[in-house]
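Should a chain be cited, it is by its letter among A, B, C and D, assigned in written order, with residues numbered from 1 in that chain.
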Amino acid sequence: MKYTSLAIDDPAELIFGVAPHPLTTREGMVIGGGTVYPELNFTLPPITIDAAGMAEVRRNYADIIEGALGRAAELTAPGVVIEFETLPPMTEHPEWGMEIVNILIEGMEREKARSGLKSVLRMTPNDNREFERPPLMRRGRYWEAMLQLFEGSAAAGAELLSIESVGGKELHDEALVNGDLAASIFSLCILGERDMRFLWTHLNDIAKKHGVYCAGDTACGFGNTAMVLAEQKMIPRVFAAVVRAVTAVRSLVAYECGAVGPGKDCGYENPILKAITGFPMAMEGKTSACAHLSPMGNLAAATCDTWSNESVQNIKLLGGMAPTCYMEQLIYDCRLMNCARAEGRDSARMLQRWLVESDVATDPQAFIISPESSVELARAIVGSDSHYHAGIAVARKAVSLLREANAAGRLRIAGNEAGWFDTLDDTLDDLPDSEGEFISQQLALADSTKFIAAEYGLT
Amino acid sequence: MNELHPLTQAVINGRRKEVPDLVQQCLDAGEDAKSIVQDRLVPGMTVVGERFKKNEIFVPEMLVAARAMKEALKILEPLLVAAGVRPEHTAIIGTVEGDLHDIGKNLVAMMWKGANMEVIDLGVNVPPAKFVEAIAQHKPHLVGLSALLTTTMPAMRTTVKAIRDAGIPVKIVVGGAPITREFAEEIGADGYSRDAGSAVDAALELLRAKA
Amino acid sequence: MKYTSLAIDDPAELIFGVAPHPLTTREGMVIGGGTVYPELNFTLPPITIDAAGMAEVRRNYADIIEGALGRAAELTAPGVVIEFETLPPMTEHPEWGMEIVNILIEGMEREKARSGLKSVLRMTPNDNREFERPPLMRRGRYWEAMLQLFEGSAAAGAELLSIESVGGKELHDEALVNGDLAASIFSLCILGERDMRFLWTHLNDIAKKHGVYCAGDTACGFGNTAMVLAEQKMIPRVFAAVVRAVTAVRSLVAYECGAVGPGKDCGYENPILKAITGFPMAMEGKTSACAHLSPMGNLAAATCDTWSNESVQNIKLLGGMAPTCYMEQLIYDCRLMNCARAEGRDSARMLQRWLVESDVATDPQAFIISPESSVELARAIVGSDSHYHAGIAVARKAVSLLREANAAGRLRIAGNEAGWFDTLDDTLDDLPDSEGEFISQQLALADSTKFIAAEYGLT
Amino acid sequence: MNELHPLTQAVINGRRKEVPDLVQQCLDAGEDAKSIVQDRLVPGMTVVGERFKKNEIFVPEMLVAARAMKEALKILEPLLVAAGVRPEHTAIIGTVEGDLHDIGKNLVAMMWKGANMEVIDLGVNVPPAKFVEAIAQHKPHLVGLSALLTTTMPAMRTTVKAIRDAGIPVKIVVGGAPITREFAEEIGADGYSRDAGSAVDAALELLRAKA
């Protein structure tokens, strides 16, 4: 493990707007340097993306960036992060993705010239490797096209590189619906860890070459899938919360390979990573209700350095186009945090505490990413000698934190969930200490039509 | 509540290992395979489905029950085939072209199986032609289409059109997070459901209408 | 003037969640009693409302109420206000409006039975009197139908009666685009005042008869039209801000006639009215970006007792149906305020201050409804001997507050707006002291094809 | 910048009272009514329109200019009529049935007038038949429809259809807060614009295309 100690060990310091290692953009936005910035993400309304439809696609993105940045300028935002998360055909055909990158960058420059508004582009090509099943993780046309888009956008001026990588997910959906924590640890800490290391080493090379930053990854396809499934009452919330803790081990690998933040918005594991690495983090919560409901709408803001809406379609609301409306909402959220911060540490700390208290007792997933829990979970990770052991340690810690809080009445857990603590602990007790043995066990259980072990360097 | 048959109870509790013996006892007692399925297994899955709908249990528990039922079917299927009995309804399901989301679709497939339908899962990223081909081959009563991306909603429209153009009479039901009842109607689907729980009702309603 | 002194004269006490005269609903929600409640408002997507379309209309409202209340229950809201603001055909055909009222009340009762969630219905028939032009204000089929809908919904269980009445608006749009403050005062303080008194006396009778509350009115068609026009850079913001101050004189009349709050969400003049009357008030800000952009997204929350999204169509966002998503956002906003309040007066006061500081210097309209300005403006109103004089006094006070703040650098005003201070003061200087004289002057100037003086008791 | 004609300048500054004399001077100098409109008044309103677009001035200032121009037209119109000159383009505008919002529509009408179009305003809550009737009567080049409510968007569709069905060739441009370009295309309108500023460009573009 690269990180063996914590960058932040006091929950009070694990707070919005300030990170031990802030990051300065070319235009001088200092992320983690005392100001929370809005981070806007948007997507298309129902239209087809193909050669014929690209004119309309372009028009959509051009309208989005003009409308949203115009509003940000009117509201005198101190700067904004624009995230462009591609849709599959845009990564498959990097030339389409690049057309949009250029439209966005032009729009950002135009607004800068007009009003002086600072902005920075986070580029998040979507990970198409799963389009082949079982997926090729380290070669093939999807891999090539994806790297090409990263390279092109870094060259064009996208300063923050991100991805929501899928390595290990082939087995994880199954693990979730089965409530199988062992398989989840295998997906995240064995397969995920290896894929992340391979992928982020490549991304780091690209970032270095073009003088841009590797920002971070998210175990979205794991932790957020769990969250959405829990929200829909498909799986227990306590299970989703423990899975969330384990996702931190996977997402950490990006930072081990050179990423410096801000971590990707939908990584609700980011508070744990901020405690470990000291890098700034994007977070999302109530103002991403447009993209998914959340049990930690306020609490998620307690530790954020940029504050995101996750994703909203370019459709018309009564107040205007939805991305413009959400830009406004994000800006007001940020203004409040920045006001408290401007008054000093104690004031900021006070707001952080309310944001936490708002949600912490209502849901195990909220509880698990509170500053207090995050520091403890982070400690469990940096105290481990391997990612596999870190996965076990952080899961164990998560179960025990939840158990205690429940027992002490500091956390409300539904009646049909309480039994899951024992189930999860039993699973953890049964895991072998030897990583090799664990891998053999899991490979034997895994559906071999779904994934190729060699693509993870396992054989 | 009425006393439940031990096999039904074993399915409900997901006691997979006890199932083979219990099935054997039924057979020994002279019950035929079809009635074991209909009167012992399906009622068990129905109870499980109801509990799930009421949020008393979660998918993992439901899957344990489904696996127990599968254990029974392993024994019964050869007998059913020999007797020429097929599940009453066959369904094909898949996620439309360009879309890789499948958790929701898989849950719907699971629920349909629990209701004793034969379900052929074409997987994700399924082109319209593949749906049409599979329909021609399996002659299902029902086709389920899933889409999770706003940008693959048009592919859902294309798929419905391709199936209609192929002229094979089949009921189409659609779903997925961005799909609305209005959209379903607009593209000419026969049914829509917003979650896995009601997907069974939606299917049965269409199948009854057909009958 | 009924009110001759202030219920709240300390800006620090003009604060969210607490009103000197709270209101208790049948189910025991105490509005203004220490808790801020979310108030959800919603509308139809593009569909036709006619006899044939009513099935779809009904389905929409049934889905909205089920989805939104379900989410409120999951997030354990302490209670919610549901506002049903009708669309024109639903008031024109009260039987259609009543169908929806019943659907909503049933949905609320069902959720109450299921999860215990408390809720209360605010009924806001839209004011159709303008459909005839010039409008009949005190008779005719629009007037009859509207009263019938009020009566029916009060009987059916709608506990809060509201309206966004239009009396005086026939001349006000013209006043706005001409930047004519005198005509604005005539519309608001002469015509508006008379229509409000007539209308709210009737509504008070209905409320008394059915044991429900008159909640309040809003000068939306005046003040918010000005705000939207200013947002679109059609009219100067300082002018819109002064008009806002004057609207308080018109909206006050509802309370003079028996209303007890919570004042209607879109009445940004409500802080002034809270200071005068001590009744709780609904407000809306950043989380009503779905309905209109706003220059006071946070500041508006500083004094609210219920917190509203103003209006959102029942369309699908990625996270779910829009009303459900907005319910979630409102609940988290409220949780934060309630957390601060739970910690005590000083904490609540601190959050109130940040909410104000967030916006107060950025826009004259925000500045004018800050607790500090509101108390001063309220004082100008209660110190006057007639609504006409109150209008002049409050406008004068608004201009001087804005002028001073601008001079002191406490408020940013665009370069092309500064000249408007003199224009406005000149207009005010020219107004006659005698109300009768003012009325004659304005009647002579007004477009007589647009309104009927007799409908306001003027001849 | 070129020295502007005093009449043009008077329009720009909204010095209404000076206008009649200045117009008279032009006439006395032998300029004809049509060229006074085109070379003195319209350029003034164009400058005002540009300033407004750049957010340098507000609507009230623009209206003052418009009123100054009107003052001039009061004198010129009889002469134009006598000479058989009509504004190059005629437009009809109105808010569709069921909808009372008119501020936006009024602003568009004002901008169109400023661009020297003859504008017939049918007001608010205008039924399709009334549009058709007015078109038959006035034979405009352009029709503008406004809708501010999602629930009157269908009425906009109906109105476009009624106009098309009537078979009179006319360009239709639509607008209002809930209207999108996509919706405009979908209902078969010829143009869309999202604000009053661009409404002039949208109109002129369509009229040029026609010519």
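The working rule: a contact is a pair of C-beta atoms (placed from the backbone, for glycine too) under 8 Å apart; a residue touches a chain by one contact, two chains touch by 3 or more.
Predicted model, so just to flag it, every value in this text is computed and none were measured.
Engineer: If you tally contacting C-beta pairs, which comes out ahead, A-D or C-D? Let me know.
Structural biologist: C-D
Engineer: By CA centroid distance, what chain is farthest from subunit B?
Structural biologist: The chain farthest from subunit B, judged by C-alpha centres, is D.
Engineer: In angstrom, rounded to a whole number, how far apart do the mean CA points of subunit A and subunit B lie?
Structural biologist: 34
Engineer: So the centre of each chain is just the mean of its C-alpha atoms; given that, what is the distance between subunit A and subunit C in Å?
Structural biologist: About 39 Å separates the centre of subunit A from that of subunit C.
Engineer: List the centre-to-centre spacing of subunit A and subunit D in whole Å, with centres computed as mean CA coordinates.
Structural biologist: Roughly 51 Å separates the two chain centres.
Engineer: For subunit A, what residues touch not just one other chain but two or more?
Structural biologist: 43, 313, 318
Engineer: Return the residues of subunit D touching two or more other chains; collapse runs of consecutive numbers into ranges.
Structural biologist: 150, 178
Engineer: Examine which chains touch each other and state the graph shape they make (line, ring, star, complete, other).
Structural biologist: Looks like something else, not a line, ring, star or complete graph.
Engineer: Can you identify all of the chain pairs that touch?
Structural biologist: A-B, A-C, A-D, B-C, C-D
Engineer: Please give the residue numbers of subunit C that touch subunit D in the complex, ascending.
Structural biologist: Contacts found on subunit C: 43-49, 87-89, 130-131, 133, 173, 176-180, 225, 229, 232-236, 313, 416.
Engineer: Applying the document's contact rule, which stretches of subunit B touch subunit C when the two form their complex?
Structural biologist: Listed in rising order, the residues are 150, 177-178, 180.
Engineer: Which subunit B residues qualify as touching subunit A in the complex?
Structural biologist: By the definition above, subunit B touches subunit A via 55-60, 63, 98, 100, 102-103, 106-107, 123-125, 149-151, 153-155, 178, 195.
Engineer: Note which residues of subunit C are touching subunit B in the complex, please.
Structural biologist: Residues of subunit C touching subunit B: 316, 318.
Engineer: With touch defined as at the start, can you tell me which subunit C residues reach subunit A in the complex?
Structural biologist: Of all residues in subunit C, those touching subunit A are 43, 71, 75-76, 285-295, 297-298, 311-313, 315, 317-320, 322, 324-326, 328-329, 331-333, 335-336, 339-340, 343, 347, 350-351, 354-355, 357-359, 362.
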